[in-house]
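Some structures to go through are shown next.
Two complexes follow with subunit A in common, the first pairing it with subunit B and the second with subunit C.
After this line comes the complex of A and B, so read on.
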């Protein structure tokens, strides 16, 4: 009798344990596919517009341009250089960053008014970026390996089917407790809900204007972030984006920063 | 048909239809009472001001730009030594981390997560000030104080200058119309947990969020603690005065049915249950109680003198209808005068009492006679020592009338000479001094930090990215230095402090670079760098606008009285007018500015209200007595209780707060009542050709007792209010009780000699 009970119990719970297993497995699989979808660009140059909109509708526009070098080593992050253009006072400021998957990122900043390169090491970059609703970790944290994933199911919206994924940051000092993202059938992330440390919805990121580059890489040319708590909005636009332009790898070294600034 | 006949007819109709009267009254009463479910939970200090109050608008404007001003603060104080002990730092670290879970929190800052910059040549490293406590040596921990005390953002904000107290500040971004219950409940759970875990450390909950929540918690504790015991006291008092169980039941029914619908009406009107409203039922109760006692004691006396029950109550109705109407009316007029003030919570309380007084009057002359007629009542002959004493008193007063006037006059003049010591002033910081937990945390915070409250100033550069202009930052610096030199200010934090610290860190951490650089571009680049390296919830968004045109100063306020704060604001405005150009600002705003201005505007309104209601009441009294002379005489016993009351107040304090002013308006209508009763009986006595001496005896015999009884009821009611946790209820209760007591003495001791000397000779 006792054995029958145990077997029945096992039979009841077996499908759940299987499901739990697959929920994480499927989640990781989709996240990985989505990440890899954006890989293979070799390098990338683009101009970016950042539009900050306050609850009253007042706008501020900041301009930067950037170069990114894909890191072919799968265990390390990409390198990027950001050139600040406006406001005029920060024109000529250049930031070089080497992102890493498990370690803290390395960052160097050239301040033209100071005429020097400063190395900034900060273990905690979850704060707002240039007064926007976007945090530095939102950019550097696109690597799927920085999260634990879970597949939550499918959803149909405007005749499109989306996969719903839940992800929990596995690095210290994140500003978020979790994210819930929608990925479409082409493995493109279209929407991400960010939940703050206390588990409340903080902001919603919409990825729009997807464009197919080199016939294989989908990249969003607009990112819209709506903070639902403070009602501010930030729009990022990528202009003149080009891939695989053959940038010199040496540009991404600290020693090149001052040269690049001119 | 004269008035008395009409009242008699009315009484007969009531008794003939008593069942209908009782049922229809109950239906109406319960319908109105249903509104109680719409009573609003109090919105804290924000509910204390009108939405369009200028100084509240200043706060709202600030909040629109920089986020909500409300802060929840944990106060951490080890029993011995400084916070730089392993255990204490562990506590602060854990509490800081858990604080991110506080409902509606947007930022958390403390000594442990303070972003600390270390510099080695061109390498700049930014991290939490206290990182991994378990890996630190004892010497390193002890050394932390000397590092912390040089950090602008830490001293007076995250820790006291002495290092003995640490603060964890949590900014709350509350949605509209939501009170602080959730974050405060959360905070109290943490306080209990951490005090248990670290038993040699005090953890207190403070900040404007706790201050605001005190409004709700004192309302709740007052209601639950005061109402049951006051009801019991009323039952005992009623039985002692009436000596009849059934009569006491009638009295209590009438009282309760006056209170419930007034609270119901308050609900229908959308009033908030702020602490002042808690006093309304008690005030209504005492007013209704005096009516019921008047009606019932005379009816019972009539029965012992041989009348039937119905005759007795109709006779009582005839005697009492006009005085009860008149006294209810003057009470209502006095209290309604509170509407001239500027504090909605008090206007709501006053209007609830006015409704209660009206309902109390109606029930006393409808429901009460009907119930009296319906229920079985036996009257017992009561021996009254009080009446005998009063009659003796009447004789003594007649004999020594001049001496009474002279002695009381000398007393009045002496006490009156103390009154110039009084000033109109108050102290919003004392509102909750009767709440033990709040007082405890206040006594820890105030000596080291000045107070729990912040003032803000939004300084506009008038151009995009203007705050990176060195001239602008130097102006902020100048404003900051001037502010710090003021007694009302404990400390100031500005964006220029951030820039100075950055400049220092970018130049090898050398102190000589702790200044504002002259290059605008350099400042802009510093801020850009800063914004890249701060963690979640530590950005500068609550200090500057996204287009970097305006910045917000944070000023820690000392404990200032209202008059100090108003004068401070004026000085700030003068300084700004002279010095702030070419930049602009609306000046300073915040709770320590708003509440004092509320006090000033409220006082202005109440003084006008008092003049109007007092003149009106005198007019009513004069016309009710149909005599200019008696109208004039009535002014004396109605003013003297206030003169004496405030004179005696000087022995305790010289501050006339808003609560004292409210007490005047609440008691003025009640003080007049006794005078009305006395004067009308005196006039009646003269009209039946009694001599002045006989008239005085007549008054003492017939109204002396009811006056004493009514005053005792009112006195006990107000004295009871002094149990309230809300300081202003305590003052209102104490002050009203004092005034009622003096008024009783004056009515018995001064009014009769006055009438004998200045009254009409028969």
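After this line comes the complex of A and C, so read on.
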């Protein structure tokens, strides 16, 4: 009888311990697949439109355009150049950024009033991008290796099955304690709940208008962020997105900023 | 100023030729702003009997176009001001008016250009290419376009820049009705050069700059007419005469970016006419991002400069400033600080506030207030010039 009890106990606990072991593994596997879904673009050129909506429904529009260079070195991050267009007082400002997976990013800003290139700190992970509900880390932190993952199970919503993943940032200065994301059967991230440092729900990100590029790369053309704390909303749209356009990789160096400056 | 207008027709001709050649489907961008300003001085009329109010309007226009499959670029960047009181402050300048050709790793430029060297926030001692317009701003941070031919080459080790500057632009000083201004008027008609070629001396400069991990490094050498003249009092005219020595200057600028900490250093060795000097300036900047779980950032900047010339105005000065950035939709920010002569006993408080009022209108409020000013400090001439300026920029 005693042995049977022990076997029963073992049978009860074994699946749990197995699941505890694999929750991280499964989570990492799905997160990696989802990340790799958007890779292989070589380079990307696009215009971005940002609509900031306050709780009263008042809208403000911000425009930037950008170029991104995919880093073929799997252990280092992408490089990007952002050209600010509106609000008009920042027109002509250019930002160059070299992202890194385990280190701080390198960032430079060209300031047209002074004809000056400034190296700036990239520690500002949780800061708002142009007064929006999108934080700098939401752009720079898309690499799955910047988080520790856990698979929480499956969920059916509107007849679609989603994998639920929990992720914890493993880089410094994040504004988030954790994120809960929904990934669909095509490994596309569709929704992310962000929790602030105190563990309260801060904002919900919806990734929409997915488009299949080059028959293999899924990219969302709309990002909708609802801040549940301050009730602001930001809609971020990619327009005229083109991949593999053959941009010279030298454009993404500090010494090229003066070429691109107005 | 007039001399710049003399060379302007050459540029106009050059650029019209280019435009006519490429008149079909010109793809360009053009933008700018116009900025009315009002200044009110706190101490009544000035030490030199200037007005206690000033109205002024500043404007800037930018035009950029790319031609020949983006291998050619034309940039026009002009600034100008109309000033109520000071004639020297009414001007037009082409800060950039250049034609650029891009080859694989070489950029060739001809025309007016605005080049900044250095890393500091306050004491930009190594920045030498462009002339300062002190009528625009007595601190010298506002620059005039420099005509040049330049070549940049870059490879994996960094960037090499070569500059040939065939024409010298004189420093612009505030006029008699300008406020702030120097104790005596600077005589525009009494300008002497060490160089026999005077303004036509071809100044040369070379710079190597590179990025090594967290370090941004620049090493430069400049040889040519000093941008800063020696001013001497003339007993006959009761004005200050200008003497531009030949300057040979080697400089280093260095920034290290360690997380939220920035460390900055500029240093130079110079032979200026028949004297030699050494100067160093640097400091640190630290920013707290997301103060108390809000979206605001608070930065602190501390900088110091030393120059081994005892009679030099900035030979032992420090600045401490706080920068508060709200990161709101209107980009509200405040910079406030104290500039202090550590060798003497003079100090000045300054603050700058800015906020967007709507998509294309921005408000700026600047103030500067004299604290204790030593009678033998050169800023004693501006002691009575504590002021507040309100500017509203309308962007197009």
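As a working rule, the second predicted complex is superposed on the first by the 248 of 262 C-alpha atoms of A that agree within 3 Å, B and C clash if a C-alpha of one lies under 4 Å from a C-alpha of the other, contacts with A are read in each partner's own complex, and residues count from 1 in each chain.
Operating definition for what follows: contacts are C-beta pairs under 8 Å (C-beta built on N, C-alpha and C of every residue); 3 or more make two chains touch, one makes a residue touch a chain.
As the structure is a prediction and not an experimental result, all values here were calculated from the model.
Colleague: Return fit or clash for subunit B versus subunit C, each positioned on subunit A through the superposition.
Modeller: Pair status: clash.
Colleague: After lining up the shared chain so the two structures overlap, which partner does A:159 touch, if you call subunit B first and subunit C second: first, second, both or neither?
Modeller: Neither partner.
Colleague: Examine A:109 and indicate which partner it touches, taking first as subunit B and second as subunit C; both and neither are also allowed.
Modeller: first
Colleague: Between subunit B (first) and subunit C (second), which does A:121 come into contact with in this model arrangement: first, second, both, or neither?
Modeller: So A:121 meets both subunit B and subunit C here.
Colleague: Quick check on the superposed pair: does A:254 touch subunit B, subunit C, both, or neither? Answer first, second, both or neither.
Modeller: Touch partner of A:254: subunit C, not subunit B.
Colleague: Looking at A:84, would you say it contacts subunit B, subunit C, both, or neither? Reply first, second, both or neither.
Modeller: The first partner, subunit B, only.
Colleague: Once chain A of both complexes is superposed, is A:73 in touch with subunit B (first), subunit C (second), both, or neither?
Modeller: neither
Colleague: Is A:197 in contact with subunit B, with subunit C, with both, or with neither (first, second, both, neither)?
Modeller: both
Colleague: Once the structures are superposed on A, label A:215 by its partner contacts, choosing first (subunit B), second (subunit C), both or neither.
Modeller: neither
Colleague: Stretches 45-53, 63-71, 225-233 or 351-359 of subunit C: which one clashes with subunit B?
Modeller: 351-359
Colleague: Share the list of subunit A residues that count as touching for subunit B in one structure and for subunit C in the other.
Modeller: Residues common to the subunit A contacts of subunit C and of subunit B are 52, 54, 60, 87-91, 112, 114, 116-121, 123-128, 131, 173, 175, 196-197, listed in rising order.
Colleague: In the complex of these two chains, what residues of subunit A are touching subunit B?
Modeller: Its residues touching subunit B are 52, 54-56, 58, 60, 84, 87-91, 93, 95, 107, 109, 111-114, 116-132, 135-136, 173-175, 196-199, 229-230, 232.
Colleague: Across the complex, what residues on subunit C touch subunit A?
Modeller: Against subunit A, the touching part of subunit C is residues 29, 31, 33, 62, 64, 73, 75, 77, 95-96, 100, 102, 104-105, 107, 114-116, 119, 141, 143, 152, 154, 158-159, 209, 211, 216, 255, 257, 259-262, 287, 289-290, 293, 295, 297, 327-331, 356, 359-360, 362, 393, 395-396.
Colleague: Using the touch rule from the top, collect the residues of subunit B that touch subunit A in their complex.
Modeller: For this pair, the touching residues of subunit B are 64, 67, 100-103, 105-106, 122-128, 173, 464-465, 468, 506, 519-526, 528-529, 531-541, 544-548.
Colleague: Along subunit A, where are the residues that touch subunit C in the complex?
Modeller: 52, 54, 60-61, 86-92, 104, 106, 112, 114-121, 123-128, 131, 172-173, 175, 196-197, 250, 253-256, 258-259, 262
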